[in-house]
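Below are two complexes that have chain A in common, paired first with chain B and then with chain C.
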Partner chain A sequence: MTLTADSRKPPERRLHPLRAEIVRGFAPWTGAAVLLTLGMLLTGTSAQWQGGWAETRSQLHDSMLVIAPLTAAAGCLQGGRERRRRTDELWETAVRGRLARFLASAMPVALWAAAGFTAAAALALLATWPYAQGDRPHLGLLPGDAVLLAACAMAGHVVGRLVAWRPAAPALAMAGYVGLAVPAMASPGAGRHLDAAFPAPVGSYPVWWQPVVMAVWTGGLASAAVLAYAARRRYTALVPLAAAIAAGALLVRTGDGLWHDDPLASRQVCDTSTTPQICVNARYEGLLPQVREALSEVVGRLEGVQNLPVRFEDRPTAPRHGEARLPMLAPLGWSVVRGRLTDPKQYAWEAVAELEGRGDCQSTLDPRVRRADDAVEHYLAPGPHQEYFDRLAAEGSAAERAELTARQRARARLASMGEEERRIWLSAYFATAGSCGARAVPAL
Partner chain B sequence: MTAIGLLLYARSRALWPTLAALVGTTGFALWAAHLMDAYLDPSRRVPVFALAPLLAAAVIGTSLYTASDELDRTAVRPWWPRRLVQLLGLSAVAAALLPTAVLGDTLVFGPPAMIRNTLGSTGVTAAAAVLFGARLSWLPAFGYVSAVYLASGGARGPAVTVWAWPMQPGTQTGAWAAALVAFAAGGALYVARGARPEGARA
Partner chain C sequence: MALDGVDLAFGPGVHGLLGPNAAGKTSLIRVLATVAAPSDGRVEILGEDVGDHRRRGRVRGRLGYLPQEFGYYPGFTVREFVSYVAWLKEMPATATPAAVERAVARVGLTDRIDAKIRTLSGGMIRRVGIAQAIVNEPHILLFDEPTAGLDPEQRVEFRALLRRLGADATVIVSTHLVEDVAAACTEVTLVDAGQIAYRGTPGALAALGGSDDGSGDSAIERGFMAALRAHRAPSAAREVSP
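Let's turn to the complex of A and B:
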């Protein structure tokens, strides 16, 4: 028997020893868990963020409240691995230092968690893209959030190394939920600026360095924990700790100055061809044609009528003098879902109610004014619930039936007026818009 | 089965620390309800409703771990009655203790909803113990409930009481059905199969 040379060539490129740690074991499952949890959360809330870049950013950032504790717990579970495998002593014989050995098992979870979040964020942005109505993608908070996840995984790993208790991981997650949620729910204090998962309101943006300083704050704390646990010279932990404290102090000192309002949110995009003009918030400028279409009938029937407001304005604040508030487009998920008006008829009715401007005194209105309002709504844009209320009144008490008859008579009276007569009546009627008294409202 | 056998079983499943942890969970729930001034408005209790049953379910789930799986399988007697008693007993203790943190209003986030959430979370955790092992059993329930916690705020639709069962305030039939199905299915799966064997390598 002869010995033959092995014809197989040795592999050209040797795989990195860390590769197995990254692609095998628990770490990829962390990424999957983060992606799945985020996927579930984002799918459940899709009506409220899909189509708005600012809403998408806020939803992704706010989900940190849930994902960060989960990642810390995953890190904690991974941290107990060497103890469970009883490989601590074997690791002691390795050539590499304690910190390198620590990072070899801790980094994969951190990387996978950040990767899971990045993938979910990319999918969410892709899902928003086809329905976006204006504005631009806001990516500023995403890197800071990814750093937060990595920091949570590392800190959790340290806890897992130190605590030999099976429910330690869920207990850590619970502590994380409480720690992140309490500043968000408690009364506004300076401490909330240190909360990396503090909800980011739509239409509010951090100054450019806030995510960087926040990343130094969270990353610094986690690095200090890691160095204090695993470094050969433990006092080196003081360096990231000092950086974290400096970053924290900067965040607390700057306080409310960290966030500013989006200038785009105060801009209006208007269609000036109609009376009243129709303006939508510049963040949803793509909705203008749909809004105009929904209000076209109302605007058409108001042609030539005097005393109307100059324009519909889409601002969060109260309308200025001579303006009416456009029925709300934001928050998404109610009037607007995925870039479409959900119910144009209802929207037009709401616009008429805004023109009347008597929303604040509905309960104290004189029946005569209420009948006039109802007749105007019926003529301009009957609400989708009108028939239902009429039927309810028809089956009700004698007083309700009498009121229904009076209402129907007023509607018929307005509808039977001649063009010119109605225009004069409507002009007199809209002169009383916004007032709760009965005297000036013209009779029907 | 002798009393000593039962005692040994209880010790092998860390039953006493588990019971202590359940009492601790109740203390946590009481503290959290007090912290949030829940007496002002029942809806402030919502975080307690989501988190306390989760923690109790995680404690129960990790107690399903067996350190001697291979040895267990050589036993002459069937294991399912012991598993059944363990799961039902711990669930009953949790379902009896946790509602004490939210006494008062029973219609909106009251004791019945707390019992429902405890049973549902325990069911999901028990099923996860069979599929992923007892050590990791808390993860699916944590992911699901916390996602639903943030997602169900503005959610609407006919099926919302079913998929968002942990967030329903009162006695919605769909939510109770979902929680009981989760408890029955997860419990049956665990009683029949036991937790997934986990070596020291996990």
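Let's turn to the complex of A and C:
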């Protein structure tokens, strides 16, 4: 040990002393954990969101249910650092106050958690970009979610400072998960609007000020906890607490008014060159060519047929008069994955079933109507599982074999009709669309 | 009660706080370091009453402290940790890098300044603790068992550092190693059962043991034992007071 020579040479490095808090220790690992966890969650469900901006937004927001408790636990671990490292004693002689020391220790975890989330969100948006078929990125909830994570880290830090219990961090994570999940799963109530991780439905959007007020709610509560713990004048905690209470009251009083339906979702984009016309939700405008291609054979075979609906519509609600509903393009992952129709034949078959419009009375249908429906589906767009069910029936009871024979006869009859005769029969058939009675359906 | 009726004044120089285990040395150091507040009485450091919040802050800026259990962040480098302490001491940002390098050089860790603390030996870590205590060039330095973990060579060098620091500052060293006091201190205070048992120079303490044929391998150890015995026998206390 050389204790005599004082070093007077100019310093080579002038990095800020707090840089070490940001780049060393636990904080960067928190950011990595948030990024990795979100990455795993998003990768596992990518088929459901990687193709729609709204789906991506909802998936990111819904992941708060897992990420927020994780971040609180990370904050709790960091909060117990001074106790574990036995630095409390030394820091008590610091000139900087308790609040400054608290923030120096807690903020890096909060910032890294928010950064990890932001990075994951950016990657998710980039992953959506090549596949999104319409709409635009929805970023409104992201800042509020980042604030939620920062608030969880700060509040967790307070818990970590106060609770000298080794399993405090996992216990806090579990408590946080339950605290966020219960309102999300419970029956509708005003309290759910205070749940910052409450799932965001794909077709709904918050009013512009909802994320701001939610950030005041979560950030205010966390700030109040921090000031009550670390400020020299603890009564200053009343200021953020009052702001949080005001924000919470506003959220609860506004209730369902915090969310509104996506106006784009009610707009349809149509191809009017076919009969019926084919319309898709404006959010998936780019999918129209694929949908038209999938239905091209159906539309071709229906040329000249009367009594068809005016158009296929892609709405979540029941079809209006003169319209048939297209199989749902959303939620993605069912008909569409990453901007591609997953199974055009299945899609066409489902569209034909919607043309028939007898979905509500399948169990009570007269066998003759059922055979007619089956023959029409077989002619326009055979179901992908038709052969399988036919084989099952062929190996079944005498009644099932007889019904199969009748079904095959009806299919053959429709297929063997001349063009004009079939057009007339189909026109009469579609005149009965939506009817559950047997009389009006023409015989085969 | 860890301390009882303690009335002390320290001037520049190296002051040794001697005493058996649990005598109250650490409690006294913690009170002087403004970590613990006395339940009664008054502590004035550098002319400031540390009972007052603002004055306490001013004192802390001119104080260095190495606690008995030195806590550190193992993932920080030596430079980062000492810089962090400088920031906590509210040292000017422009002066910090040079002050850090100077402090680290004084404890002989210049070649390890960018090594993470977790990679250092126990003795080196203790020297990091000393570096953080002196980074703000304090007027008062408080060391609680500073030589614990240092090898004999390092202890000799640490005593030399103490003597240099004591030339300008008030250095108070709590220890149970009487040889440290004999070698480095200009004044010694013996604490026993929370009370001041003896104050004087190391030479005077050693002289106390000169005619004593009791236990102890050196004069100062014998003096230490004599002072303790005298304090524990109140009738004899007046006879050994300097």
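Criterion: the second predicted complex is superposed on the first by the 431 of 444 C-alpha atoms of A that agree within 3 Å, B and C clash if a C-alpha of one lies under 4 Å from a C-alpha of the other, contacts with A are read in each partner's own complex, and residues count from 1 in each chain.
Throughout what follows, contacts are C-beta pairs under 8 Å (C-beta built on N, C-alpha and C of every residue); 3 or more make two chains touch, one makes a residue touch a chain.
Treat the numbers as computed from the prediction; the structure is a model and nothing was measured.
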item	value
First (chain B), second (chain C), both or neither touched by A:Leu77	first
Partner chain in contact with A:Pro17 - chain B first, chain C second, else both or neither	second
Which superposed partner A:Ala173 touches (first chain B, second chain C, both, neither)	first
Which of chain B and chain C A:Ala415 touches, first, second, both or neither	neither
Contacts of A:Arg86 with chain B and chain C, given as first, second, both or neither	both
Partner chain in contact with A:Leu65 - chain B first, chain C second, else both or neither	first
Contacts of A:Leu139 with chain B and chain C, given as first, second, both or neither	neither
Chain B versus chain C as contact partner of A:Met40, first or second or both or neither	first
Overlapping contact positions on chain A, where the chain C interface meets the chain B interface	81, 85-86
Residues of chain A touching chain C in the complex	1-11, 13-21, 24-25, 81-82, 85-96, 101, 104, 232
Chain B - residues contacting chain A, complex	14, 21, 28, 32, 35-36, 47, 51, 54-55, 58-59, 62, 65, 134-136, 138-139, 142-144, 146-155, 163-164, 200-202
Interface residues, chain C side, partner chain A - complex	30, 33-35, 53, 57, 60-61, 63, 65, 67, 69-77, 79-81, 83-90, 93, 96-98, 100-102, 104-108, 110, 127, 132, 153-154, 157-158, 160-161, 164
Interface residues, chain A side, partner chain B - complex	33, 36-38, 40-41, 43-45, 47-48, 62-63, 65-66, 69-70, 73-74, 77, 81, 84-86, 166-167, 169-171, 173-174, 177-178, 181-182, 185, 331, 333
